[in-house]
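To keep things simple, chains are lettered A, B, C and D as they appear, and every chain counts its residues starting from 1.
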Amino acid sequence: MASKKEISLKDISKYIKDGDQVLVGGFGLSGCPLTIVDEIAKTDVKDLTIVSNNLGEPQKGLGKLLDNGQIKKAIGSYFTTHRGAVNAWNEGWLEIELLPQGTMAEGIRAAGAGIPAFYTPTGAGTKLSDNKEVREFDGKEYVLEKSIPGDVALIRAHKADEYGNLVYRKTQENFNTAMAMAGKIVIAEVDEIVPIGELNPEEIKTQHLFVDYLVKTRYEIEGGTFVERTK
Amino acid sequence: MNAQNNAKTMRQDIAKRAADELGEGEVINLGVGIPTLIPEYLGDKHVFLHSENGLLGTGPAPEDGEINPDLINASKQPVTELPGSAIFDSALSFAMIRGGHVDTAVIGALQVDQTGELANWAVPGKDILGVGGAMDLVAGVQKVILTMTHTSKSGEAKIVESLTYPSSGYRKADVLITEKAVFTFKDNQMYLVEVADGVTVEEIGKTTAASFVVAL
Amino acid sequence: MNAQNNAKTMRQDIAKRAADELGEGEVINLGVGIPTLIPEYLGDKHVFLHSENGLLGTGPAPEDGEINPDLINASKQPVTELPGSAIFDSALSFAMIRGGHVDTAVIGALQVDQTGELANWAVPGKDILGVGGAMDLVAGVQKVILTMTHTSKSGEAKIVESLTYPSSGYRKADVLITEKAVFTFKDNQMYLVEVADGVTVEEIGKTTAASFVVAL
Amino acid sequence: MASKKEISLKDISKYIKDGDQVLVGGFGLSGCPLTIVDEIAKTDVKDLTIVSNNLGEPQKGLGKLLDNGQIKKAIGSYFTTHRGAVNAWNEGWLEIELLPQGTMAEGIRAAGAGIPAFYTPTGAGTKLSDNKEVREFDGKEYVLEKSIPGDVALIRAHKADEYGNLVYRKTQENFNTAMAMAGKIVIAEVDEIVPIGELNPEEIKTQHLFVDYLVKTRYEIEGGTFVERTK
């Protein structure tokens, strides 16, 4: 049986509309759904709010969407990997919301876990808590942070089984599981879809109930880097 | 410690002294810059290196042919995993940091004040577009060790009475290591506990725009 | 559906009707009591059973010699795991429930009011010493199906105008299945959508202490 | 090399003192550190606040501590498995704090994750949110729940490696990982301690930085149940 969840690359754009808040996995290029992002870069979808740790690099990963002007706002922890993000922000057409990386990870998980808000010590007493509610617990200040849901989550894993259970390659997981939990629609890009029963129940990192669709990646590792397969 | 006026040696000296602060078996998070040099100076001491992106037990850089772009550290550099390592997701990784399960963070700073409050993520008047895990580490780990050059390249004091750079949070550093000296912080007071060979307390005083107690 | 006055058949009838409500491929959490009978009536329909203690893909009870006391469901009964199942911890399991990732919960109720608000964890005047995952399910899943006998053993109405038992939360049930009828709830209004063979609307009216719209 | 973390059963009592809040893993008897609990039952330690889903059964697991009168307060979701708990509460010598099971799991995880409090929809509009702060987010009510830390956490796993990384047997994990995160001192009871490198980095469920001490269990599975090994 083929996975009922597998879709073709051209179907991806059906699930993303103008103005969506889109969670995109990855820490740098590792764990970033490069094929899915490439497909979106080919479409006219625009005004996206992208939640991702960084915005890729020029013409790589999310950098393509930025270069195309498809992104209206970016929420993340580190934008200086792509000089274009800094420029776009200076030019005033890209809104940026900077979050401590741990607050971002926890906020995404919270959205997936039904928690609308939580208190964290991170950022208390800094500019990043300006305009945020601060509250004391046991004499220490904490910042109230809201959860970070996604209309869509685009994630990357190593293998899926036909139900959509996922496992990752080494540190590829990073934000992906939390984003799968937090996305209303979740599309996972994988190297391979294996038959039911091939993954051990204990090794599954992202359970199938979080995953709506699967696509096969066009990228493979070659010479220590991610290379697009030329058909 | 030797206060040569040579940037590379200076950084190595700082890293070497920082390595001495780490305890056997501790879980350590190393920031970018000088802290990345620390593993060279650990000798027989065994510590567990924690990477924010989800690895406990980070090993050295791989051989050229062995690079896996999906096995990286928080600086996005390819690494290896040591036996006994564990891999997990970002939410759990920062739960470890924020929850106080990482023993020590060794991080750089742009400025530190005499109470130990530090600034390590943004420069006044410049774009504030990156923070990464800096604030989580400052807020969460058991012990914060700062490594930095004693003054800026232009000779300006980086150890100051009160911060002019944006703060990284309420949490104070525990130890500050420069090429000239080692300071500790306790109850909002700064203590000079070591000077490098050939460095005088007077020189420390001149290059430090902050009050400290001499406790050599 | 047949309204025989036989407790066992009654429970089986309710479970059978509840099974019809479940969609192919849904993730389902089954409460104690009547809902545990549902798997017998699924036929060819494939659903994924979620157990609060950390299993998605719960299978039937094992053969006698095959019991693993570390493979149990939320009722602490030994179970098996089906191919494609996943195992996880309690925090993630309830994140699934509270976060709306479980499609449907089929649970019992002590009382339900005409808006769909339900009581399923405590009896007035008795010790309140157990709640388990009941409130998490009520608050979190996409669809709540209640299964219960239409009246108490002593013939008292369990479907009431407003709850006299402690509420399980603001969230309203979507469907209520008894041995006599099926009701749905929408915008705080109750609709009678099915009656069992041989049961009249008049009889439903007499045994139901609540207002409902007849929508057969 | 033997694990530096392994301690003998008689050393367990060193780490638990009168009045401690003690997190105890397990869902029923599965994942409950039966050997550790037995050892505590042999000591005079008293006035404990026990955080555990249930209180075991008469003369089994935590039931022993209850029967001995060593427990002052119990925090959990389901106490009716041990009639003694209900009686003790009626007699007035056992304080009980009842929490929805998901709130309990999330509260324990929060304590380990540095989150002092969070909002949850569970329990809003019920007696269990009496005296708790309630707040609206997007028009819906949520209850503020505090994190649940432990002076000590007593947990149960299948295998440990010599560093203290843990893996579980099937649904044995339940509350154990969250409790390992939330305990100031964490003692894990295991079947076996394996050499470093024998566990895959990806299969580890509880990472060694959460675990302070290891003890070997005296219980084994026999005839579908947990049986104490008679030396």
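Everything below uses one rule, namely that contacts are C-beta pairs under 8 Å (C-beta built on N, C-alpha and C of every residue); 3 or more make two chains touch, one makes a residue touch a chain.
Keep in mind that this is a model prediction, so the values were computed, not measured.
> Which chain pair shares more contacting C-beta pairs: A-B, or A-C?
Of the two interfaces, A-B and A-C, more C-beta pairs touch across A-B.
> Using mean CA coordinates as chain centres, what's the chain C-chain D distance in Å?
Averaging C-alpha atoms per chain gives centres 29 Å apart.
> Can you work out the whole-Å distance between the CA centroids of chain A and chain C?
Computed from C-alpha means, the inter-chain centre distance equals 35 Å.
> CA centre of chain B versus CA centre of chain C: separation in Å?
55
> Residues of chain B that contact two or more other chains, please.
In chain B, residues 55, 81, 87-88, 94-95, 97-98, 139-140 touch at least two other chains, as defined above.
> Which residues of chain D are in contact with two or more other chains?
Answer for chain D, listing residues that touch two or more other chains: 106, 109, 113-115, 120-122, 168, 170, 201-202, 205.
> Can you name every pair of chains that touch?
A-B, A-C, A-D, B-D, C-D
> Please name which positions on chain C make contact with chain A in the complex.
My answer: residues 25, 27, 48, 50, 55-57, 81, 83-88, 94-102, 139-140.
> Contact residues on chain C for chain D in the complex?
Listed in rising order, the residues of chain C that touch chain D are 51-55, 64-65, 67-72, 74, 76, 78, 81, 87-91, 93-95, 97-98, 122, 127-136, 139-140, 166-171.
> Looking at the complex, which residues from chain A come into contact with chain D?
Touch residues, chain A against chain D: 106, 110, 113-122, 137-138, 140, 142, 146, 167-168, 170, 201-203, 205.
> Where on chain D is chain B touching in the complex?
Listed in rising order, the residues of chain D that touch chain B are 4, 109, 111-115, 161-163, 165, 181, 196-197, 199, 201-202, 204, 207-210.
> For chain A, which residues count as touching chain B in their complex?
These residues of chain A touch chain B: 27-31, 53, 77-80, 85-86, 89-90, 96, 98-103, 105-106, 108-109, 120-128, 141, 158, 168-178, 205, 221, 223-226.
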